[in-house]
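One chain, subunit A, links the two complexes that follow: it is found with subunit B in the first and with subunit C in the second.
For the complex of A and B:
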């Protein structure tokens, strides 16, 4: 308020004001605004320092470390040797393939299930709305260790939870999904979808609630059925949420670690290896810090490239319009 | 004025707090990090502190992986390692060798010039495993040792008229009998590399004792007929139904151990550490109480007319003293207590695990059944073959080879060729 009163009717812009006013009057006002700018800039310093200390410095350290060869005997030499080693390492490409499968399967499935559940809850429940929201969101806040143990037991043939149910029907679960290199990654993807669909649902809940009720009323008056309501009203209007989920999904995919580490450790024979488990194995367990750092940098570059690609292709509108308008207001 | 008074009070508060903190730290404090079971470590610390009233031990427990390994890595990089760190012989010790103090002079002062000769041969070899040529220093001292074996459920064996198998054929028959009654025959947590290594070591050391040690040192090829044969034996354990279905996706802990303790598993390849189940806080499953439901045997003879596997084992856990710990006299005092003093005795009383020297025995509330098992393990330990790998990349390559063969993706010889390639690389031969 104080600032606005100072600016007076000439608040159309400091440049215009400076040009119109005599130099002797403009200087103190400009200096005052400079001081205000400096003071305001001070508020950014804590965040900037935290960013420099906890983000920029580690990234720089890792990037420099990735250029130094490991000291272990037999480690490749040369500035970019760790990167060349990664491209020649079959495990790196297994992780790349698994990450691609992870993204291609989990992101759309989670979106579809999450969106559908959100729509059903928000449009077709009233008293039980909070209950269903909580139930579907529960896996998201469940400890990943618990999720890993329970799903490992469910998948276990012979003694697992699913087997216990099948036994009642006289059936035996003969497939060991986590033990078979051909199925293990898909078994893990199912667990991931189960755990994170609730997150997509909550995002869509916010998106659907941001759609004005009169749009639904108009659609109904126009005779829109459920299918039309979903495809022509809800899907276009929650597009910003979908874009956000896509962006978060890709980043989340590249960050995948705990569920794979706890359930399979990347095995059997690297069949479920993801970038996280391979970086941990190389950098921490095997002590190849340089190679682990190079893998981390590659994942960072990939993550940045994919994020920029999405923002360029889909636009940066990542929040529902009403939410943005409310934030601006 | 008001503001000045407020600032003065704040400063006075800070000074008081700092003084209090300094006073609290006036006694000696030893910091220790490890993955060693916290309840047992607390008993060792209590026993130590009772004898050394001026010293406080601050113990930080971590899960071995990923927490402990990550914490060590970060602390080593930032120069903030504690005084003592838990170590496994070989690769883990070697990774932190530059941060560790050689312990020979301390040990000589504490236990005399012949201190090393009192430690069991397998432990002694493992203490120096992976040291660069010409470096005979000791960077870690063993607190406890272990011997690998096959544990079995005595009640189930008695129920189905089974006896501990002495031949491979008898083992397969035993497994089939157990499976036919809905019992998991031998639980293998084959998703964990360590349990696969242990079983393969038992097989390989039966085929040719000590050959794996030579192979990892580059003195014998991994494709030696005996090691290829052992790899075929390994594949046979899956094909012949000795291991439970889906073993490759299973974990030994917590799943396998829980099922074994509940009586749903017939056999399991573990080691002397399994005795400690009897000391966990109640309620304990009846089988585990005083280990009354369990006994063990060495892996049965693979070839007709052959012998069971020799004992395989070595250091269960050891400790190293960091450069920071070397500046703290109390650090060595506690380390010595853990290795051969009150700290060790308290751990043994908790049945965790076997000592690295002859003499100490568990005391207190220990059943004769357990003491008899303990004596059998202690008889085997001096003759044990080495269980550890000096280089983590070789161990990792073997883990992958074992998983590949078990999954049917690799033939035994091809799998061992991959291990050979990694061995050649890390030994600088290729």
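For the complex of A and C:
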């Protein structure tokens, strides 16, 4: 799911959170009133200043800079030239297609596999529970650059184990998976799924533990089969986790970079280009700052639009805690 | 789950077997990494997962040839700096909004949360230019502060939720005893949310230690590179010697894996606490 996911298992429902907090709590009275002034506000400043300097300022900067065309000869003119250039560039659309494939494949696969593992671990193991939880989570903890190089060697033609093993199954590949434009993005998606499924599992571990035990008891007394238990009890009750994973999955997809950069560099011939590699190449390597800024703005707008859509339409939000409240309600 | 209920769960040895098979498949890349790293260089290109004989020669080569300790130290400094700033700034903010209930912090909180929707991809280019202006390229601050900015909002969400769950009587008693807001923050609020602090710290360590994109741009001097950046440097150098390359990968992956195995109990407890306490 994620490249380097910096936000962690939180998904934001800023509107709800902000609106719900004051309404649901009784107002503090008396002695506490005077603490609400400027002095108590000092507690807010460190977080706010760091946000202003390293999130708000960069976002404003790309918004403004994207409107200034680059000075390279032959560059188009006009305030939106950089955006028009992106829309006219086939590489931009390749990246868009790859990101769509990335999200459409990784998110459901990770949910299904991570959810299944979590269910098996939480409901059917006892002494080995911590062992399994830890082992399946290890790829998340492993450096992405280590993961990328190990998988590159596994995919390698002639001596890589992937080809050797597929051959043993009677499947001879005439091609190198990472060198063929038709297979490369899927080969990278497999690596990403491998690295991040443990994260989905961990989120579902929290979700399953939040389901009240008597619901499982009732299902068992009713003699529910495994399939029914999964479809009628577990899947509906962990829906808040699923929504959060979808939200995080989309944002994580948009920050894909290290796996692609380290394994293919976006090649062969741009076939595996993603937004991260394209921004890196244009904005940093080639020095097309305005164009790189425009690409950054487009990714940001896409991320905000898709996130807000999910928050408003699905009510996706912060996972572990909400899971419990909705399960009980 | 109470112990009594857990005992009531039926035993399912078959499920454990299924999980072991899945885990075996899942561990193939890690087994392969170890297998090649401990293999004599003559057999490095065999398409086998793990095969004897085993040797430590690859580790001897790479430790002798490289300054991995320096990169390790860089990673430790960047990660520790990030974790300290995230915990300090986020716990103060969470305390202000959840315990002191400073009203004007609510809209600020909503704004901070939008950070969670900002992919790091969009920040890399402007941060690169900002850090160049500040002359923070190859400077630890150039990674620590952006990482902190990206980590703080999530930390606030977690700490705020735990503080809201804490019994208010404790804070009221502290106030009656004449505690100042600072004393209450330090002596009451922080100890109460220790599980959340452990959880946030562990997650932040994983994220900061493994971050690649920004580190690639900010740490260009090889003496300042963090461990995550090192494999790239050597993948060309040791192309003909995968054993040595994989030995480096093992050494790079190991610190965080060992750390996680040691602290995973606290990580899971924090995660489940978030779900179970409400």
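The definition used in the following text is that the second predicted complex is superposed on the first by the 262 of 329 C-alpha atoms of A that agree within 3 Å, B and C clash if a C-alpha of one lies under 4 Å from a C-alpha of the other, contacts with A are read in each partner's own complex, and residues count from 1 in each chain.
What we mean here is this: a contact is a pair of C-beta atoms (placed from the backbone, for glycine too) under 8 Å apart; a residue touches a chain by one contact, two chains touch by 3 or more.
All values derive from a computational prediction rather than experimental measurement.
S.K.: Is A:149 contacted by the first partner subunit B, the second partner subunit C, both or neither?
M.R.: A:149 contacts both subunit B and subunit C.
S.K.: Figure out whether A:179 sits in contact with subunit B (first) or subunit C (second), or with both, or with neither.
M.R.: Once the two structures are laid over each other on A, A:179 reaches subunit B alone.
S.K.: Is subunit A touched at more residues by subunit B or by subunit C?
M.R.: Of subunit B and subunit C, the partner in contact with more residues of subunit A is C.
S.K.: If you stack the two complexes on chain A, which partner ends up touching A:171: first (subunit B), second (subunit C), both, or neither?
M.R.: Neither partner.
S.K.: A:280 contacts which: subunit B (first), subunit C (second), both, neither?
M.R.: both
S.K.: Who does A:140 touch here: subunit B (first), subunit C (second), both, or neither?
M.R.: second
S.K.: If you stack the two complexes on chain A, which partner ends up touching A:270: first (subunit B), second (subunit C), both, or neither?
M.R.: first
S.K.: Between subunit B and subunit C, whom does A:159 touch in the aligned arrangement: first, second, both, or neither?
M.R.: Once the two structures are laid over each other on A, A:159 reaches both partners.
S.K.: Does the superposition put A:59 against subunit B (first), subunit C (second), both, or neither?
M.R.: In the superposition, A:59 contacts subunit C only.
S.K.: Same subunit A residues contacting subunit B and subunit C, which ones?
M.R.: Overlap of subunit B and subunit C footprints on subunit A: residues 149, 152-153, 158-159, 261, 280, 283-284, 289.
S.K.: Where on subunit B does subunit A make contact in their complex?
M.R.: 65-66, 69-70, 73, 91, 95, 184, 190-193, 244-251, 254-255, 259, 264, 392-393, 396, 399-400, 403-404, 406-407, 409-410, 424-428, 430
S.K.: Please give the residue numbers of subunit A that touch subunit C in the complex, ascending.
M.R.: Per the stated touch rule, the residues are 3-12, 14-15, 17-18, 21-22, 25, 27-28, 31-32, 35-36, 39-41, 43-44, 46-48, 50-51, 53-55, 57-59, 61-62, 65, 117, 120-121, 123-126, 128, 130, 132-154, 158-161, 163-165, 194, 202, 205-207, 209-210, 213, 217, 251, 254-258, 261-262, 275-276, 279-280, 283-284, 289, 292-293, 296-297, 299-300, 303-304, 307-308, 318, 320-321, 323-325.
S.K.: Going by the contact rule set out above, which residues of subunit C touch subunit A in the complex?
M.R.: 1-2, 5-6, 9, 12, 15-16, 18-19, 22-23, 26-30, 32-33, 36, 45-49, 85, 88-90, 92-93, 95-97, 100-130, 145-154, 156-158, 161, 164, 175, 181, 185, 203-204, 206-207, 209-213, 216-217, 227-232, 235, 242, 245-246, 249, 252-253, 256-257, 260-261, 264-265, 268, 271-272, 274-278
S.K.: Please name which positions on subunit A make contact with subunit B in the complex.
M.R.: It comes out as residues 72-74, 149, 152-153, 155-159, 174, 176-181, 184, 261, 263-265, 267-271, 280-281, 283-287, 289.
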